[in-house]
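The following blocks contain the structures, represented as structure tokens.
Each of the next two complexes has chain A plus one other chain: chain B in the first, chain C in the second.
On to the complex of A and B.
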């Protein structure tokens, strides 16, 4: 009986160790993916905002040019 | 074998679910023109999938005994809750920031995409796991109140 009890405890410990390592691996992977994706989202949003600003600037410049042409005429 | 359970399983879970979700959601989001930014779609899906998988891992840790179909039931409940409320809303908010379409259309498309990936995920889980299909069908039979064919 004692042998079985020791074996049972040993298997339980093994399961806990394996599960713990698996959980740690999962958490590390999850943190890596989260950091990368959040960084990517932020950079893409920044790019989008900059592109919009550029568009707005170009539109303004074109308006000014058009006005100048009108005045010249 | 131990090495597979320790290192392979968590990585396979994360990579597999992200790949599957992208396979279903990417064409829907891209073709409806919510955003044409490929990197953004991939990043948003990776972000939401990590949250889904964190919940699944927590369910695993709580129901490790694996008896009485508790594991399957709890995974079904968590996935339903996450895929129908948390993830579409979070994704829709993220798509609002970049999309020029109307917000109702964005919300609808993200809901449809997530529901499609949920159904696809159910099939894949049922095919890949031994007890998965029994657990999933048991849960839905109980959910719909013993509906008879």
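On to the complex of A and C.
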């Protein structure tokens, strides 16, 4: 009986330890994946903001050119 | 006035054009169905009870969470044969999971999840590329999953020999290769379904929260009527139809109207449909319609990265699933949760979507 109880406790302990290790591994992997994803989103948003700025600048320059042409006329 | 035969020809031409316009969506509908057939067969093959939760968690983790990064990688490295890599991984997973060596099984599910993620990302990128600013093709692609889930589960539970999975694997490869150019075009149409007054992070957060809530509620919906195989087929069929038609309605009447109507209309049907199949199925239909809306929201923000946009929604799906692995509530608590969370989602969507 005592041997079985010790075996049970040992197996239970092993399951808890392995389960704990697996949980830690999954949490670490999840954090790494999410951090990479957030970084990718940040760079994507930055790229889009820059593209929008460039568009706005080009539109401004075209407006100025058009105004200058009007003045020359 | 046109004669009858001419009218018929015109109608046929129109139908043919519609079919051709949505061909990528149809191809990836088949790919998605094949992929889910393989996945759900393997998920049901071993351990029907004891380790089912652990296996499902491991598989979901690798299938849902890294999709954003995989999508970004596919968009920036176009020369690799991703479709073939994804299908080969899934084929490898079949051998690993079906092998008599127990120690290989769990690694098989990891490989299966990664293969699944690659195929999903190819589908998302291809359907957005060919969408011409409409969400229907992506919705069609996503709706194919329901068909595969039913076929795979049925095959797995009935212990159909695993060799049969070669058929969906080959079909998936053929259809994916047919649409391979769409994955690599690199130019994407613009989606614009969100209010511009909100910051991009707010919109992404709302899309993430709504998707996560929908994912969790998917497990909380009371469906004690679902006991027979044909009822499961009907449930997943209706779910797929809801997803596809959600995309159709977003293109026709707009995302705001579709979101508000479907989230509010679903509530009573979901709550009172526990024992009445017809009522529940109507609820599930409305409930599934919001799927394409959150994807369109992410696409409106991450305009040049549909893979990453799709990854945001799949990560949310996984986060929404996590509580279902650890906590189970009673019928009343679930009903209260459905009402509160659905109304919260409706408010969030109605504020952030463009009218």
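We take it that the second predicted complex is superposed on the first by the 73 of 73 C-alpha atoms of A that agree within 3 Å, B and C clash if a C-alpha of one lies under 4 Å from a C-alpha of the other, contacts with A are read in each partner's own complex, and residues count from 1 in each chain.
To be clear about the criterion, a contact is a pair of C-beta atoms (placed from the backbone, for glycine too) under 8 Å apart; a residue touches a chain by one contact, two chains touch by 3 or more.
Bear in mind the structure is a predicted one, so any value in this text is a computation, not a measurement.
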Open item on the list: If we overlay the two complexes on their shared chain A, which of chain B and chain C does A:9 touch? Say first, second, both or neither.
Closed with: neither
Open item on the list: Comparing chain B against chain C, which has contacts with more of the residues in chain A?
Closed with: B
Open item on the list: In the overlaid three-chain picture, which partner chain does A:23 touch, first (chain B) or second (chain C), both, or neither?
Closed with: first
Task: Which superposed partner A:66 touches (first chain B, second chain C, both, neither) - done: neither
TODO: Considering only touches as defined above, state whether A:45 meets chain B (first), chain C (second), both or neither.
DONE: both
TODO: Could you say whether A:37 touches chain B, chain C, both of them, or neither, answering first, second, both or neither?
DONE: both
Task: Residues of chain A at both interfaces, chain B in one complex, chain C in the other - done: 26, 29-30, 33-34, 36-37, 40-41, 44-45, 48
Open item on the list: List the residues on chain C that touch chain A in their complex, please.
Closed with: 61, 65-66, 68-69, 72, 200-201, 204, 301-305, 308, 311-312, 315
Task: chain B-touching residues of chain A, taken from the complex the two chains share - done: 15, 18-19, 21-23, 25-26, 29-30, 33-34, 36-38, 40-41, 44-45, 48
TODO: Going by the contact rule at the top, pick out the chain A residues touching chain C in the complex.
DONE: 26, 29-30, 33-34, 36-37, 40-41, 44-45, 47-48
Open item on the list: Using the touch definition from the top, list the residues of chain B that touch chain A in their complex.
Closed with: 2, 5-7, 9-11, 13-14, 18, 37, 39-40, 42-44, 46-47, 50, 53-54, 57, 61, 64, 94, 97-98
